[in-house]
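Next up, some structures in structure tokens.
Heads up, the next two complexes both have chain A, just with different partners, chain B and then chain C.
Right, the complex of A and B next:
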């Protein structure tokens, strides 16, 4: 029996909530404190798929960079999916997001990419959506590591995409 | 390498060798001592799963991979180390070399944490400011408008009621009219409180800083409550400290509002007995004086559990059901704005005592000021400042021109539209532009923006601009700032205010002031 394992890297600017999403997913916990990640933390979570297979999700929670090109390429190496996280409360984390996406898509053309707006608990949705539109941001989902909103869904989605 | 160096080095590096299935064939125990031969490296830490994909992609010439700054723990007991990991894949073996740089990295982490935090704070501020401003300006405009809309009809209701009372009314009718009158005043107060609160909350509330006579103020308060005490058969004990310095600087109206609010409550909630009003000098150094007001009554009192929350908005602690529940909240906010304190002692059924300390400044220059309310501007070489007044209302044109000419140091040119103003400033150098914001045609804001953006000549683009308007929206000053207007003065204004604003503006813009 070969265990299926997939590497998923959380990337994006610092302070957007990558570690918080990681923690919410792995331990179902959250902290208001900001402890900026240095380098990379790796954890594994095995999830049971509907079709009976068990998937080991190897999550790489990387340190934040304003530009994805500044990230250490060894952290991105061998990924099956990227979760690009931006912060809905800080325009600076998404105003140039399309450049980041282009970088990822051209350097890692076969890797699944999910664009996530996090901290949805803190914003007025209508207003933020307008701002996202103004900056041409196409996102896959809006999450809150704090409330857990859409977090499990996001990872399950990825798991499904990766096993199909 | 010397032995001790070697030891030090060994303490920081661990070598693990596995075969291509990940089974450990060799390891030292320098860092993680729970690794043993036969272990599967993938089970030691999920990081090592990366080896699986490296195995698929490596080539004999591209077989070394390095992963800096990886957080590793192995086994539940081992502590976390921050390591650089080098992985080399050979034909039969995989060498994993782990370098422990925990201390160095932790130091780095501290630095990057600080940097990130400060950047994030900034970005959040920008964002939340924008959001708040939008929300607030909507709310404030709304409240200001409502207030305006409501105060006009209330004023006329009160006026007509007064007229009505002068007609021939039966006793009962007169009673009814008086009730309506009282209720209208009540309504008026609620709207006043609302407006004050919204200003306080947005920080746009400005306390005046003006000389006033404290004794006069106290006296007028006492007078107005004497009657009420008589009407209600209550004893009104008044105790005013003779050591109080009467010449103060502060916001008279707001002090009145605070004290009035507390006295009003005292009389309202006292059926029999007394209301006491005591004012004393409590100390203060040099220019400062702390004035203490005590308002005490023998009324219904406030239960202990309510004393904590009574200063919050929309809280009422009586069954009289009057008031918006904003009054005490406004009082407290005003007191805080004046850097004062307010305390309450109360016992249910026995009475209530409010103690209020307010810091005021002595008006030391009192005498000088009265003698020379004139502007202290040093004259430019030309002898006078040249002012362009852009105002479409005749009466205001006249008023401002008169006020300025009174000072003896201004030339005033008057135009009544932005279009004419443009012609004027292109032809002549002005020291100041006084600009009505509400012009017909091009607005004052547009004119100011045009001046700031479209002209290269310094004498035009940097000209000091004073905006004037009767518009009372709360964020008008922000709007001015955004549109390049340096300073704002609300109509109607006094000579002193106008001249004061101009003096301040000139000072800020680096014009000569004596």
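Right, the complex of A and C next:
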């Protein structure tokens, strides 16, 4: 059985639910209490892949920044995947998302990038999809850290992409 | 009816009720007098009352007296610190004395062991050619530094490439240590923008974390004992030597082989 370790960084603005997604995936838990992340928190989850590889996903939950360029570059360096999280209930977290994506792609080329709209449990899907279309947001997945919707699927997708 | 009889009748009507009251009062006074004059009777009446009062007083005493005593003690201690120190000194002194005696005994045992080793025939001949002072060497050897754990970590990602730990020393998840150490290292290096300088040591009471950076990875060694400059130099040379001879590109991609090579290289005492 082979072992593999990959660094995955959660990035995005304040209060979009990065730490909640992190906690939902690692501990399968959720809390309504909002505590802003200072610096970074790191956790690990091992996923057993179909090809026999034991993939250690080292998750770096970074502090939120309105502009990704303000993030500490040393926390992002060496990442094998980025999860860019925005809040479906706050337009300000996705209206300029394409600028953030361009920054990530140009500064960290060849790094897998997933764009995630979180808090899907609190919105009217039809209305929010319309708004996302109006702002040209190309997302990969809509999740809810609160209910767990699509959270495990997101990380499994990333694990598959990283091991293929 | 004659006047006398009428007067008697009037007296009877007016004084009958008063007489009854007076008689009752006289009876009560007699009863009270009996109770007061006979201790047994008096005790029967008063004892339960005194008991209940005493019980209440005992129950309330801690609550009512505690603040008074505490503040009185505080004031007393503040006003007579010398007396307090004098009173406590023999007790604390005994404890400190006992602790120091124990530590000296341990040190003594270590030095004896070192002396025994130093004055063996083998060392006698060695010492003829030795430049260093034997005394300081014995003291240094009594708390000799040793590498307990060593990590090779990818610099950018913080991913653990290889690890060796002495059997008796194991810590939490190695991947998390590697990640957090990288985050701390990056944070310190970013925070003090001193231009390309690296975090070199972290001291944690009895342990020192020796950090040595290379281009793509860095080595972190957990050292116990006296981390002297001499030990630091030797450890640095050893790590440099390992990096030069022991690490190839293939090793970086094969964690198991790399870890076993690390074990072979660092399991022996460095000094």
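Convention: the second predicted complex is superposed on the first by the 162 of 164 C-alpha atoms of A that agree within 3 Å, B and C clash if a C-alpha of one lies under 4 Å from a C-alpha of the other, contacts with A are read in each partner's own complex, and residues count from 1 in each chain.
One rule holds in what follows: a contact is a pair of C-beta atoms (placed from the backbone, for glycine too) under 8 Å apart; a residue touches a chain by one contact, two chains touch by 3 or more.
Since we're looking at a predicted model, the values are computed, not measured.
Undergrad: Is the arrangement of chain B and chain C around the shared chain A a clash or a fit after superposition?
TA: clash
Undergrad: Kindly classify A:64 by the partners it touches after superposition: chain B alone (first), chain C alone (second), both, or neither?
TA: first
Undergrad: After lining up the shared chain so the two structures overlap, which partner does A:34 touch, if you call chain B first and chain C second: first, second, both or neither?
TA: Only chain B is touched by A:34; chain C is not.
Undergrad: So, A:78: does it touch chain B (first), chain C (second), both, or neither?
TA: So A:78 meets both chain B and chain C here.
Undergrad: With both complexes overlaid on chain A, does A:100 touch chain B (first), chain C (second), both or neither?
TA: A:100: touches no partner chain.
Undergrad: Between chain B (first) and chain C (second), which, if any, makes contact with A:19: first, second, both or neither?
TA: Neither partner.
Undergrad: Mind working out whether A:90 is in touch with chain B, chain C, both or neither, as first, second, both or neither?
TA: After superposition on chain A, A:90 lies in contact with chain B alone.
Undergrad: Considering only the touch criterion stated at the top, classify A:7 as touching first (chain B), second (chain C), both, or neither.
TA: After superposition on chain A, A:7 lies in contact with both partners, chain B and chain C.
Undergrad: Mind telling me which of the two, chain B or chain C, contacts the most residues of chain A?
TA: It is B that touches the greater number of chain A residues.
Undergrad: Taking the superposition on A as described, I'd like to know which of chain B and chain C A:43 touches: first, second, both or neither.
TA: After superposing on A, A:43 lies in contact with both chain B and chain C.
Undergrad: Looking at chain B, which part out of 1-9, 19-27 or 433-441 clashes with chain C after superposition?
TA: With the two structures superposed, the offending stretch of chain B is 19-27.
Undergrad: So which positions on chain A get touched by both chain B and chain C?
TA: Common to the two interfaces on chain A: residues 5, 7, 39-40, 42-44, 56, 58, 72, 74-75, 77-78.
Undergrad: Please output the residues of chain A touching chain C within their complex, sorted ascending.
TA: Counting only chain A, the residues touching chain C are 3, 5-7, 39-40, 42-44, 56, 58, 60, 72, 74-75, 77-80.
Undergrad: Please name which positions on chain C make contact with chain A in the complex.
TA: Residues in contact with chain A: 154-160, 173, 175-176, 179-180, 183, 186-187, 189-190, 255.
Undergrad: Could you please specify the touching residues of chain A with respect to chain B in the complex?
TA: It is residues 5, 7, 14-15, 34-36, 38-44, 56, 58, 63-64, 72, 74-75, 77-78, 89-93, 124, 127 of chain A that touch chain B.
Undergrad: For a test of understanding, state which residues of chain B touch chain A in their complex under the given definition.
TA: Contact set of chain B toward chain A: 45-47, 49-50, 52-54, 57, 65-71, 82, 105-106, 108-109, 112-113, 116-117, 119-120, 123-124, 126-128, 131, 134.
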